[in-house]
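Chain naming follows the written order as A, B and C, and within any one chain the residues start at number 1.
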Amino acid sequence: MEYNYISDKSSIGRNVAIGKFSVIEDGVKIGDNCIIGNCVVIHEDSVIEGNVRIDDNTVIGKLPMRSVNSIFKEIDKLNPCVISEGCLIGAGAVIYAGCIIGEKTLIADLATIRENVKIGEKTIIGRGAAVENFCRVGSFCKLETNVYLTAYSDIEDYVFIAPGVVTSNDNFAARSSERFKHFKGITVKKGGRIGAGATILPGRVINEDGFAAAGSVVTKDVEKGTIVKGNPASFLREVSEDQLLKNQFEK
Amino acid sequence: MEYNYISDKSSIGRNVAIGKFSVIEDGVKIGDNCIIGNCVVIHEDSVIEGNVRIDDNTVIGKLPMRSVNSIFKEIDKLNPCVISEGCLIGAGAVIYAGCIIGEKTLIADLATIRENVKIGEKTIIGRGAAVENFCRVGSFCKLETNVYLTAYSDIEDYVFIAPGVVTSNDNFAARSSERFKHFKGITVKKGGRIGAGATILPGRVINEDGFAAAGSVVTKDVEKGTIVKGNPASFLREVSEDQLLKNQFEK
Amino acid sequence: MEYNYISDKSSIGRNVAIGKFSVIEDGVKIGDNCIIGNCVVIHEDSVIEGNVRIDDNTVIGKLPMRSVNSIFKEIDKLNPCVISEGCLIGAGAVIYAGCIIGEKTLIADLATIRENVKIGEKTIIGRGAAVENFCRVGSFCKLETNVYLTAYSDIEDYVFIAPGVVTSNDNFAARSSERFKHFKGITVKKGGRIGAGATILPGRVINEDGFAAAGSVVTKDVEKGTIVKGNPASFLREVSEDQLLKNQFEK
């Protein structure tokens, strides 16, 4: 008996293990040496490169929800989801069409990555984290458990965002037609860091090696190489030399 | 081969698409033009009206967990789950028996809606949000990503709750038998708003057009049309005229 | 037709109900009177004792993700996942290999329990909560919705952690090789409590009956029987006599 549904219009590489009750739709390409779990759904035209592991109950290539009537239009607009070589995708994750996930990046259990997101290489997106549409996340980043990254955010390389960090992109909190001109995600420049449970207001910039301490509420930009803390967050001190990004690499 | 389990005691409308490995139990009614994903489970007697989309791995009509022995009693007590006309339900969501979800409401990925909850029309329940049992949520509301709405809360129409807001209903923090007399969720009156990452204490009321700013810890009721901020939150200023609910509608 | 995949190298007790499209792998043992939902995946060698309920789309015995190449080594190292007598496991949960869950404990929907975790009896792990690897959680605890418990934490008996609490274990926020010597989760001693939305810094100890109020940012240890609040948290008052753990038991 056949325990999976694998479209005969899909293409499956060599040495691919697929669990049970998984669905591989038309046009999907899966590279060599992949391990696909049980009850995994890979939607139309998604591209899974080689040496990728995808765990149980995960959905790849989901189409955004507008309304029942508009869904077919979306199919034309979004590019296929691409999961690059060597990625690890956890259980119960949801990754939308129109995403590109770089090589050897890890997307943990129950994380969601919305459409039109690009994530670099060797980045970790933590368990339960949510990356909204139109975000860019660099390489060698860690977005930890339950981080919420609001739409239109820009996270450069080597950024660390600790568990439970919340961001927002609407200074008008859903009121006033003015707000449509001002939607703005957060920006974290290369080597910036955000501590556990911090809240970052719309449009704020954390500059290179800047650090918002745990529990801080960031209402103003964080200067390069400085630490802020508190509610509202204010200057605490400079980042110590041994914690600067440039001093993290093996000699 | 048949890839779904569809009870012959269920009733499926015209033009309904169902993915693979989905389960439709006895007594379920599905209206016309619905799109049901893969690995979706729709439990006994649930009602899905027309033009509803339900994405992969979602569970509808789950019975609460008490103990293995008591579960059969629950079946008698709860009404069926009703998902009204035109709703959109994301992937990996869990919606309990005894819920009524109003027309054209969107429940995003990985959200959970507990038993005995009523949600109005054209409301959005964000990705990963959790609405506990015995809550009421009005129409035209937005509860954004990862919002946690504690049991016995009352959210009126046109309420906005930003990402990562946490609420609680037990001032005694699980101690003292006194607490059983005082359990009380939060109340947000028409047009009230709560900013990202705010925490709202048990029983607190946010009055009409009141606004708790991002990161605030709300220990006292928020007066009508005022903004509070900080930890603990205190009066900041009045809501500006252009952000009042009455000024949001197209002329 | 057969709607599940049940390995003939597994062992299933009497009076066990299994839904549809579930996967029971080699070496799994399931005790008497269990109720297993739909699209449930129980990985190799997991042990489910009697009278356990496991809801739809849940994964038991997941192997950690390192890299595609290293996964087979993990199989040797971790003990099987053990779900003890009378446990209730929600929908969409993910419980790793190498966990031991004590009797009559409830793990709610969408919670994740990582490898090498031991949880006691009659504890509740809330909806969406995440317990990281190498944690110990005692008996009669409540970790509520979306609580994030960082790796290497130690939670004793009768502890209460309210919704949305965030913890961390790295004072160096992912920088400086010094940090590898200092990783330290949080400790909550018997009867300790943490209020909604609080953030607890690495290595902090909440002593017996200590209480960090809602929204507090805990940067220092909390003394026995005292309440702290604020950002940063400071002494507020002593816990009232009727809320001490010793006064909670029925006479």
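Criterion: a residue touches a chain if its C-beta (ideal position, glycine included) is under 8 Å from a C-beta of that chain, and two chains touch if they have at least 3 such contacts.
Since the model is a prediction, treat every value here as computed from it, not as a measurement.
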Residue-number overlap at the chain A/chain C interface, same or different (half cut): different
Superposition rotation for chain B onto chain C, Cα-based, multiple of 5°: 120
For chain A paired with chain C, centre-to-centre distance based on mean C-alpha positions, whole Å: 24
Contacts with 2+ other chains: residues of chain C: 21, 39, 57, 92, 110, 128, 146, 164, 197, 231
Complex contact set, residues of chain A against chain C: 1, 3, 19-21, 33-35, 37-39, 51-53, 55-57, 86, 88, 90-92, 104, 106, 108-110, 127-128, 142, 145-146, 160, 162-164, 193, 195-197, 211, 214-215, 230-231, 242-245, 247-248
Chain C to chain A touching residues, read off their complex: 2, 5, 21, 23, 39, 41, 57, 59, 62, 65-69, 71, 92, 94, 110, 112, 128, 130, 132, 146, 148, 150, 164, 166-168, 170, 172-176, 178, 197, 199, 201, 217, 231-232
